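Going by the order they are written in, the chains are A, B and C; count residues from 1 in each one.
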Amino acid sequence: MAVAADVAEPMSASGDVPGPAVRSRRLRPWKNPWRRPWILEGFTWLYLVWSILPIVVAVIFSFNAGKSQSVWQGFSTRWYWGNPLTSVFENPQLRQSIIQTFRLSVLTTIIAVPLGVAFAIGINRWRTRTATTFNFVVVFSYVIPELIFAVAMFFLFTQLFTSIHLGTAAEVLGLATWNFSWPAIIVLARLVSIGPSYEEAAADLGASRLQTIFRVLLPLLMPAVFASAVLVFASVVDDFVVVDLLSSTANTQPMSVLIYSSTRGGNSGPALNALATIMLVFSFVVAIFGLVAYRWMTRGERGSSRQEALTTITGM
Amino acid sequence: MVFHPREGRSGDGSTSVSRRAFLTGAAATGLAATLAACGSSSTKGAGGTTTTTQPLALPRPNDPVTWPLYQSNPAIADGLQPEKNATLKLFNWVAYINPKVLKDFGKKYNCKVELTTFNTMDEALAKLRSGQFEFDVFVPTVDVIGQLVASKMISPLNHSYIPNITQAWSAFQNPFYDQSWQYTVPYTIFTTGIAWRKDHVTEDPYASANPWAFPWNAKYKGKIALLDDAREGLGIGMLKNGITDLNTSDPAQLQTATNSLLELVKLVNLHIDNNDYSSIPSGQTWIHQAWSGDMAAAQNYMPKGTSVDVIGYWFPPSGIGPVGNDTMTILANGKNPVLAHLFLNYLNDLNIALENISFNGYMQPLTGVTPEVLVQQGILPPSLTSTVVLESMFATGLRELELSPALGAQYQQAWLRVSSGV
Amino acid sequence: MSVESRQGRWADRMQGRWVWAGFALPGILWLIFLFIVPFYVVLSIAGGELNAIFQSPEPIWNPLQWTGANFVAVFHDLVGQTAFVGPIFLRTVVYVAVASVLSLLIAYPAAYFVARYAGRRKVLFLVLLIAPFWVSYMMRMLAWIGLLQTSGYINRALLDLGLISQPVNWLGGKPMTIILGLVYGYIPYLILVLYAGLDRIDQRLLEAGRDLGLNRARTFWRVTLPLSRQAILTGMLITALPMVGDYFTNQMLSGAPSTAMIGNVINSQLNTASQQSKGAALSVLLLVVLLVPMLYYVVQTQRASREAY
């Protein structure tokens, strides 16, 4: 009908632009509030490329056949294995740094996570001013610049606790303190979101305090504990300032310090790229493992999703 | 100079507060009181085991010093066997010893050798002083030996383990800085001059009126570097201004040198690093204050296709420039003193020395190490014979020597100003 | 209820307190001995003296005997005739400010896009955003060192495009390199915080804005931005504070004193025996300067978590 034809969007047979009456009712494309944000998306992709591409290039250069970090001279795995002086897995100094990084990460995680979890549980329940003060201290330790903290640690081990020499022991103690805030804060947040209801229910059902803790609370906290363990591990793999100031002989130098001192000492080369790639693989493996485990642990929970897992794994 | 009675410092570098005393204090004020009590109680013990109360002797070529030997820091006994299943720990400059030499030593004496490196002498001393590390062998410059002896960080040597000393130049068998070589054996000898890239820099220091001012050239902004060493850096500042006493205590001279350096930092966007051995060959810097040995070894770092002839090294033909030598010492808290002695002996053997020189370029003061031998064996490129260090140079050359602690602190402060830039 | 059960519950509650205190105790002791005490040590050194041979630090443990000598020395380094730390501090402030603002300008749109418009591809974007977080700082710096070398791809690209005629010495002490290095290094933290903050904004608030007639720009300005203010402030703090203590970025990407930051000064001082006491004093001063922003952050997060209680 003529009226309906007027209201609908008539296209002339040749597909021309509709007549004036219809054009005024159609929104300008750029005024459509529901249009796709091309600019923003383009910008985001640009950011992602800028963010990720240099790393990819660096990884590729770890397979450079030549000695250069910037000029590609062919593919080779010489920086990984095959040459006792330059290969990461065969040069004792380079290989030792990998072992040291791994050792520091494991030891620090083993110490910091239980300590932080227990602390979080205690602080959450023991509502006194002491508790809030120390909660304050923990957040303070999270936000302080690492250099100032490392300076304090350096002086601690060289002037006061001198029986703990600089080296692996000092590094682990320093790292555990530095990373203590991760499990403390994450588990505390999780405790807050869990609330007291589960424990009260357990108590009503006649469970003793210890039973409640070990059979109700800890299983509920496991995902957060796990996420914080993953974070601590990766944070230690990456850590530089604390270990730089607290390291002593060559065999207590983890990968990060070795890369730094080699670059500063003019000894740069694709071997460092290889070392850094190994660090990257470490971290990624741990992250993926953590992600998968976290998702499996929180399966069926309200609000669990891949997004949720990703943000928790990064501590946000 | 009177020492403060609080300086109860025993040889191993630990401080006056014992850990147990610390832990007995509970509350903060109690803590402080306890700590204060600990501090004063150590004063009573200060008299016995500590450093001498005389000021540090400052060795000079015309004022040689025999270091005291301490009861509490004796040399090892004769005729001991090398330690078994040991790891010899060496604390040395970066890229300053041939890894092959270390490996061969390890094979010969059936031990492992572990090398830890440092970038500057200040850094090394700070680590040694505050880390309680267990290095066996340390390679200090001559100007810090007094501190090391006084704090008993290094042990006296037992000469029976080091027969190869006879191969060294006689001057070094009784050096002014350590008469009767009680604590040190010589390691390397070197001069400090200016290296430049002939293919990028058109000027020639040999033809300049004031060659020491060669780095003060704004044309090569961003491509000029000085050594990251307080004495060397300040030294070139002094030499540029015609000051030849590199141990001067005249504050005006120190200030002049510092001002020249600050001017240099701004003028050419100066770099400060000890990478002359790699950055001149790679072309990253075009003018670098350099050590002779680093340039002698440059052919090991040249990129493919570039001849080592593009590198020049200038040292004043008059010989009035910094000359020096490094030494090897044995640290008192090392775990392998016998192996350490054997290592010192090992490196004073001619063949081992030549092998070492082929890696790091630095000559050693052994009678068999001559320019002819070096050129003949292909260790020294003929175009860089200016890096050679002859015994005669030690007569005319300028040495950077030990300073009194207060003066040394002033030098360090001046250098910090320069190296942190303004 | 009976007396026994009431007593039982009271006893239970009393026991409860100590159980929880017991849980927290190891952590508290750890923090005391390895976080609070070290700062006391730093103060003791900063207020201490110098050993006569090595000029190395001699701590004075009793606060009543602390001297101001090191602080006076640091003060002279900061202002006055022989000052050299003052200009470096100012330079650090400038670098950090520029780098932070730049980071915000880059991170916000990206975070905004992923939080609000990513739709079905949100997880993909999130993974890509998070990936650099797991790449170590050293690797990220190495990546840029490789690209910025004289023969690296950046110079080659610029030469090919004809934008420059000679290779630029990016790693030769250029402030821009350092600033961009700082941005590159710390932006992942900022972007994650912003994402988390923006993600939490209720979609319905935005729709309400639209319903009330705000167009896109206005909605952003009057609804989104104010709601994300907290995230912006927190994110900036988490980004800017670590930058202040950074010294390795400058060492790796420049190595020239002309771009040195205050972290470099402190680090050099720690490596020189006669300067360690001054290093301690300078660290104390830096801490005092940064105390206000740090306390702000702590108070904000405490408040936020209390609201969530």
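Things to note:
The rule we apply is simple: a residue touches a chain if its C-beta (ideal position, glycine included) is under 8 Å from a C-beta of that chain, and two chains touch if they have at least 3 such contacts.
Computed from a predicted structure; not experimentally measured.
Common neighbours of subunit A and subunit C, by the contact definition above: B. Taking the mean of each chain's C-alpha atoms as its centre, the chain lying closest to the overall protein C-alpha centroid is C.
Among the inter-chain contacts, the highest number of C-beta pairs connects A-C. A straight line joining the Cα centres of subunit A and subunit C is 15 Å long. The distance from the centre of subunit B to the centre of subunit C, each centre being the mean of the chain's C-alpha atoms, comes to 37 Å.
Subunit B has its Cα centroid 42 Å from the Cα centroid of subunit A.
For subunit A, the set of residues touching two or more other chains reads 159-160, 264. Taken residue by residue, subunit C touches two or more other chains at 59, 255, 270, 276, whereas all remaining positions touch fewer.
Among all residues of subunit B, those that touch two or more other chains are 15, 17, 130, 273. Residues 49-56, 58-65, 82, 84-85, 87-88, 150, 169, 172-173, 255-260, 264-265, 268-276 of subunit C are the ones touching subunit B in the complex. Remark: subunit A residues 85, 93, 158-163, 165-166, 248-251, 261, 264-267 touch subunit B in the complex.
In the complex of the two chains, the subunit C residues touching subunit A come out as 12, 15-17, 19-28, 30-31, 34-39, 41-42, 44-45, 57, 59, 106, 109-110, 112-114, 117, 122-123, 125-140, 142-147, 149, 151-153, 184, 187-188, 192-193, 195-196, 199, 210, 215-216, 237-238, 241-242, 244-248, 251-252, 255, 263, 266-267, 270, 276, 279-280, 283, 286-287, 290, 294, 297-298, 301-302, 305, 308-309. Those residues of subunit A lying in contact with subunit C across their complex are 31, 33, 36-37, 40-41, 43-44, 47-48, 51-52, 54-55, 57-58, 61, 68-71, 115-116, 118-119, 121-126, 130-132, 134-141, 143-149, 151-156, 159-160, 173-174, 176-177, 180, 184, 188-189, 192-193, 209, 234, 237-238, 240-241, 244-245, 255-256, 259-260, 263-264, 268, 272-273, 276-277, 279-280, 283-284, 287, 306-307, 310-311, 313-314, 316.
On the subunit B side of its complex with subunit A, the touching residues are 14-15, 17, 19, 22, 89, 94-95, 99, 114-117, 119, 127, 130-135, 273-275, 277-279.
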